[in-house]
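Letters A, B, C and D name the chains as they come in the text, with residue numbers starting at 1 for each one.
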Amino acid sequence: MTRILPQTKSAAVNPLKSSQPLGAALAFLGVSGAIPLFHGNQGCTSFALVLLVRHFKEVIPLQTTAMDEVATILGGMDHLEEAILNLKTRTNPKLIGVCTTALVETRGEDFARDLSNIKMLRARELAGTEIVLANTPDFDGAIEEGWARAVTAMIQRITLPGEQARQSKKIAILPGWNLTVADIEHLRETVESFGLKAVILPDLSGSLDGTVPDDRWVPTSYGGTTVKDIQELGTAMQCIAICEHMRRPAEVLQGLTGVPYALFQSLTGLKDTDRFVSLLSSVSGATAPARIRRRRSQLQDALLDGHFHFGGKKIAIAAEPDQLYQLATFFTGMGAEIAAAVTTTGTSKILEKVPAEQVQVGDLGDLEGLAAGADLLVTHSHGRQAAERLGIPLMRAGFPIFDRLGSQHRLTTLYRGTRDLIFDVANIFQASQHAPTPQSLDPFRNREVPDDSRPPTFSRH
Amino acid sequence: MTRILPQTKSAAVNPLKSSQPLGAALAFLGVSGAIPLFHGNQGCTSFALVLLVRHFKEVIPLQTTAMDEVATILGGMDHLEEAILNLKTRTNPKLIGVCTTALVETRGEDFARDLSNIKMLRARELAGTEIVLANTPDFDGAIEEGWARAVTAMIQRITLPGEQARQSKKIAILPGWNLTVADIEHLRETVESFGLKAVILPDLSGSLDGTVPDDRWVPTSYGGTTVKDIQELGTAMQCIAICEHMRRPAEVLQGLTGVPYALFQSLTGLKDTDRFVSLLSSVSGATAPARIRRRRSQLQDALLDGHFHFGGKKIAIAAEPDQLYQLATFFTGMGAEIAAAVTTTGTSKILEKVPAEQVQVGDLGDLEGLAAGADLLVTHSHGRQAAERLGIPLMRAGFPIFDRLGSQHRLTTLYRGTRDLIFDVANIFQASQHAPTPQSLDPFRNREVPDDSRPPTFSRH
Amino acid sequence: MSLDYENDSALHEKLIGEVLSQYPDKSAKRRKKHLSVATSGDQPGQEGKALSECDVKSNIKSIPGVMTIRGCAYAGSKGVVWGPVKDMVHISHGPVGCGHYSWSQRRNYYVGLTGIDTFVTLQFTSDFQEKDIVFGGDKKLEKVIDEIEELFPLNKGISVQSECPIGLIGDDIEAVSRKKAKEHEKTIVPVRCEGFRGVSQSLGHHIANDSIRDWVFDKTEVEFEAGPYDVNVVGDYNIGGDAWATRILLEEVGLRVVGNWSGDATLAEVERAPKAKLNLIHCYRSMNYICRHMEEKYGIPWMEYNFFGPSQIEASLREIAKHFGPEIVDKTEAVIAKYRPLVDAVIAKYQPRLEGKTVMLYVGGLRPRHVITAYEDLGMRIVGTGYEFAHNDDYQRTGHYVNKGTLIYDDVTGYELEKFIEGIRPDLVGSGIKEKYPVQKMGIPFRQMHSWDYSGPYHGYDGFAIFARDMDLAINNPVWDLYDAPWKKKVAPPMAVAAE
Amino acid sequence: MSLDYENDSALHEKLIGEVLSQYPDKSAKRRKKHLSVATSGDQPGQEGKALSECDVKSNIKSIPGVMTIRGCAYAGSKGVVWGPVKDMVHISHGPVGCGHYSWSQRRNYYVGLTGIDTFVTLQFTSDFQEKDIVFGGDKKLEKVIDEIEELFPLNKGISVQSECPIGLIGDDIEAVSRKKAKEHEKTIVPVRCEGFRGVSQSLGHHIANDSIRDWVFDKTEVEFEAGPYDVNVVGDYNIGGDAWATRILLEEVGLRVVGNWSGDATLAEVERAPKAKLNLIHCYRSMNYICRHMEEKYGIPWMEYNFFGPSQIEASLREIAKHFGPEIVDKTEAVIAKYRPLVDAVIAKYQPRLEGKTVMLYVGGLRPRHVITAYEDLGMRIVGTGYEFAHNDDYQRTGHYVNKGTLIYDDVTGYELEKFIEGIRPDLVGSGIKEKYPVQKMGIPFRQMHSWDYSGPYHGYDGFAIFARDMDLAINNPVWDLYDAPWKKKVAPPMAVAAE
């Protein structure tokens, strides 16, 4: 079993993780007509907003309760109420998703009661707008947890409880945050090719897919899951949760409505996609269409063409737990080995299944220390400087990716996404190949560390 | 108007062009159950075969008449006949595409008559197999010409002549050789989304798309246009030719059958795709489906996100004429300028429309000489060493691409392909960005040449 | 050269009215104070004269649910003032979010061995967990400081940048700093820049300035041989190399730049600042406090300058030279003459491509006024401008830069700004990353004028050439011709239009 | 160490029968001569003994419409022998195809400034157009040579590699070469390697060897101080650095490598070759001609050696040492002892992962026999092997390498090879790029054994470690577990199986 090593130091040097409220905001952005509302200072919101904009290169309708010094001392309910009313008046959103921040959580107010009070007192004014609360202090968890909490909260608050008549062709999909916009588009198209209808929650493919809205001023998210879809999740035949962090929302949905769920810890790789396609076959009663079979065949071919470049390669990954699992199993499945695995939190059960000797809970400083001698670094854009210092190529994955275009349009799941990943990585390896020189030949050289001339790094391990 | 400069020297140093028979062979490979047959020495065939294998990473059923010294002296008809009969007996192909090489063309035999004789004498044995001849000496033209000649020959030989009853939903598409497998797949899907049926000749997406055939030993191409489809081209409502070099086959088809054609000199870029979609709309009487509109919207967004990285960049391209036009117009449409344009032959009319001051007919040596100071080189894989010497990143385009995986799975046309191209190029620029240093600041420095420290190159111009 | 033009006051007044009509009454009343139309362009130097009839009311609280572009005090201290001091380690003290979000958001260039003796692009946080909130974080802070000393022994000092929870849980970071400073014999600066203080990043600037005064000045023996032409450049953060471009000019006219705050700065430069002869303030907003303090305590005069575009460069150089007397004045005239041909060449090349193009600005610091003339030097016109986090003295300083009828907006919301842009449809908008995508989706060229959009420098003559090129690239890119602005579309399905 | 195992003769005979049954009678009869099963493994050194009962008949003509892996004379001369001579420019003389196709198809490594004094990875062609075919190309060749002299003045010489049309249009490239050699005072070598000559690349080797004899040897004054331990390494093309790995060993045992043909070679090395004391032939097939000539004319003995895998390395080193006497013998034993622990470590690591795995080979040159023992050193078994373009003496030389029952195929077609592989289903196939994709699609691991599949070197001890690692990576990659071989599929739609 994989050993999970706790943090080695008090400081985080080049943090791997961003924080929980951002994950929750992302999830709310996958609902149509939604506005995520940070309950905190304008500053936190502004920072998170900029980071989201830099990642998606899109308009992000993130809002703030603009807690100031006085409110911080006296309590934030007035600000929360004013923010909600202002948003309602001006933009009439379908959903306001409140994400708490460290500032208000430190005060330890009872937000749930605050919200109930607001909704009760302002029932008439707020009709037609769902208001969902996700408790997401920065000092706990990371994006994964924030995302899952927001989805759980939406199901708890919005989905109609109780057993309901099931629609035989409808399935509910709860994807992890690490699926790209292209993944979601592709997932939907795949499900539909079996004659099924997919309700995907959250669905970032509508709102953050890089389209230009026809109607100019859109103060909320556009596209995404509708509130009505969330209400009616209980009529699905089957729920499919993707990634371990979506187990909890799936369980809550099952508890509320009895809809059974199947969990895919990853949708990357041939085997997991086979399992997914097989499930769609059995739910729909249809065999896989020619298009899907052709994609499988193309993936097989990519496995053949690509494995050669992966064999024996050493990979260093820093990612949140489920993405770490997704990527690590992809790499080891191609014959590479995981030389370093760093993650954000030690609590996820998926970590035990990561195909590495050990997983270090830590930061990019840890990654930099552990990655010497690796052939590839895999982490978000902030890993670029470590990659440069180590002289190792970087494959960008996770959040944020702000220094490349189109990261949301890259497929990473199912047959086609796995194929594309293989090509991407194999091409990185091909681009950074080094030929031997007469001087480099030496039978007694340790071939396990291909290049000893790399500069030392500043982290100790 | 663009000036077309003739070759500056007798030698080709690092040739840009490969040769005509290879282009013809490629075209034949886009027909189902076909075998291209090089009429020449086993050596030429073997070389071309290896290059095709390295590019596609697929099995390539290329065959040879294995001309030896005796046949070279006495004439090759026997070898041609024996080769055809052997292929027929062993593999029973639907089509044998004979491509002549320099060896036999230098002798100046009358291959058309040879072939007629063979067909007549062996009529019974050869029944069920079309045999098409493309005259493609290496000492003339390049891939573009070879491809167009093979397609023309197929239409002339196979398509049923005369006006025929038109199928209202059927269109014929004659794509240039420079479209990738992914482009062809995408083209078909786009056409079908309007309720139309596309017959694409040649169609490499069936045979060279990286699938693993179920039935093991396939001695011919699999997938691709059927011979029947070629016979029935005359029943299409409309023919669409893509690239100037496909004008001739389209004209021949029109002459034979009366099917009108529309020529798209490029399918890359918003405007040309708009024109294409508009044509599909008018042929089908259907408006563009939501999926297409969404792709257009995503391309618009990519134009916005991407243009910033292209503005003022200097691009050096070496490619065959139509691909040069396709890429050059793409780059200038994004605000870059074409600092150097090199092509294989000076005869194509498209060259006059290339948005560059001048187009040099020449080799990669010319490219290397002209490209100093450019921000990006664009050519096939053999440009990699020039790129390294110049310290300029290389975007691989054309044939051959042997040192990267998945080049056939990259889209380069229509809304989505243009979007992907924008991302690819913008990311190359982002990866090779350089920050100023105190030393590099100097108001009197010539900013038009951003880096004067580049090593001199060996070509003179 | 200030162009002689007048903007459309009536249109601008109407736009303000339309925007406000969408708010509930109470909010409208508050927002009204931030929006205005300039009455007349004043003459340079007439500081303090009213900018417009109603004037904008700035530096007041944000409204819940009305997101603007502003940041917080932490952003002002860590992100602006302290972050670029390169040989110190700046701890984002509290939960991980603030530090992670703000990481590498500004392009403060520097030279040095990153991770060895230089730390600007590294990010340090004490990564508070729930237990730190509950039991207090002082112990953790001590550990973090010890770890930093061990991992990065070449650091010259540490600053502790407080995030919101610090101010709520009653930690005593001053005590920890004092203790650890003594232990490690290093400068350790606690900064009380919790995000909830003040209404924007602006108070963070002030707090950071004060922390320099209280925790750096006069705290160590500074060995430094002062000279007659020593100046500090204050408030140049070396975005894209600006400070380097500035230094070239000042040295050419005979001055010695002994400190640059805080782009590419060392702690030593900050410590020796009080020995200079003159403080040259670039970003008045973020650094006026410490300059006023130095004036008061050490008798160092200060003056503002503007190195955007040749008109202002020349004016500023002459002003500065005057301070130092004839020798410097002569050199200055020689330098100006030397660069004239370059300026003429840049203008000759770009003015024909940019003449008459209209620009709206919305930025922070001093840029809403300082860059105006650079545009005008190229024949362009400023039709609207505004500050993210200005005070009233900023707007007073803006008066002589803007022409009559210019639309002025303070702490504008995304909604308001878009409405103004849509109404005016300028040829270029210069603002921040948050505005970039919505503006571009409107079919309007855009440049980031906080970070120079990955370009720069824009200061000095070198910068002017780059600035001119960048504006040309943005405005004249062919994609804008492809772009059918959505409001120009017919009601027909979009394809019909697209396909022509 | 030759493993003691026997392959399945009956199965292999049956496979040959099945394959031949698909051909028309005439073709079957001709193909039958190329296919065989080994009767018994001979002892090393028993050169000349029959390999099998029926024996293969090699170096005979290809059949039209039956594509094999063979190349042509041009490939043998330009691609193999001359191409790697690094300080000469090799002109592919004729139309562009041959030169372009063959460009960078072999990984002949070298050191030098490419494009300045070294030209291996550049490609030069006279790019014939129709008019050159009609009016003859001699004038063009003259111009091309002049241009090369001007563009690349540091070249040490030029070779003219004839493509097919040259032999047909009656050009006199010898006259041009003589004229231009005189004019430029350079070595210029015309090579009559038109592709239609001979049945494979093999005749091209011979022609290239002869051109060295006729146009290089004894043509210039060679200043060179010969030593008692001078050897030429002949027929090592330095694929992936092989020649470098070889040189390390030879120098360690006390020899001086004065020439290496032709990987990383200079023209000077070729010129001085006749002064060496011994020719060590690696690739016998391509270079035996010139070695026999040197033996005859200059009295230089030659011997073959094999540096693949420790068994052969040791045997070869000892054979070589015997030639030079006790001093070298002692040094050799010391070298062998020095590397023993490394060899043991490599075997200890990889043998458990490779033991008993079966291998089929199909390659060119000497590899179908020479690499066999390297596999056996790792506990693997060779079940089939064959040459692309062998002569009978190659098969004679193969006898003592193969065990009884091994399938032998000469100049095999893609169809035949696939049928054999499908019938035998070995654990690994080692062949060329053309075979790579069909074999992999059958679900069988593959390594390119011409080019070492972008890896190498495989010669010497260093190479053995890399070789062992590469074979392990190929065979034990997890993708093979994912791959359902199509013939194992049930008749059900593939998804049903796939989804399990």
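As a working rule, contacts are C-beta pairs under 8 Å (C-beta built on N, C-alpha and C of every residue); 3 or more make two chains touch, one makes a residue touch a chain.
Which protein is which chain? UniProt says A, B = Nitrogenase iron-molybdenum cofactor biosynthesis protein nifN; C, D = Nitrogenase protein alpha chain.
None of the values given here were measured: they were computed from a predicted structure.
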Contact-richer chain pair [A-C vs B-C]: A-C
Centroid-based (C-alpha) most distant chain relative to chain D: C
Centroid spacing, where centroids are CA-atom means, of chain B and chain D in whole angstrom: 33
Chain B-chain C separation of Cα centroids, rounded to whole Å: 51
Rounded Å distance between chain C and chain D, as computed from the means of their C-alpha atoms: 66
In chain D, residues with contacts to at least two other chains: 437, 441, 494
Touching two or more other chains - residues of chain B: 57, 212, 300-301, 304-305
Contact graph of the chains (line, ring, star, complete, other): other
Interchain pairs in contact, sorted by label: A-B, A-C, A-D, B-C, B-D
Residues of chain A touching chain B in the complex: 57, 209-212, 294, 297-298, 300-302, 304-306, 309, 403-406, 409, 419-420, 422-423, 426-427, 430
In the complex, chain D residues that touch chain A: 109, 111, 240-241, 244-245, 247-248, 339, 342, 437, 440-441, 453-454, 456-457, 460-462, 465-466, 469, 473-474, 476-479, 482-483, 493-496, 498-500
For the chain A and chain C complex, residues of the former touching the latter: 9-15, 17-22, 37, 40-51, 53-54, 57-59, 62-69, 71-72, 79-80, 82-87, 89-90, 101-103, 105-107, 137-140, 142, 212-217, 219, 365, 382, 385, 389, 457-460
Contact set on chain A toward chain D in their complex: 270-271, 274-275, 277-279, 281, 287-288, 292-293, 296, 300-301, 303-305, 307-308, 310-312, 332-335, 433, 435-438, 441-444, 447
Parts of chain D lying in touch with chain B, wherever the complex brings them together: 22-24, 27, 61-75, 91, 94-105, 114-116, 121-130, 132-133, 140, 143-144, 147-148, 151-152, 163-165, 167-169, 195-201, 414-415, 418-419, 422, 432-434, 436-438, 441-442, 486-487, 489, 494
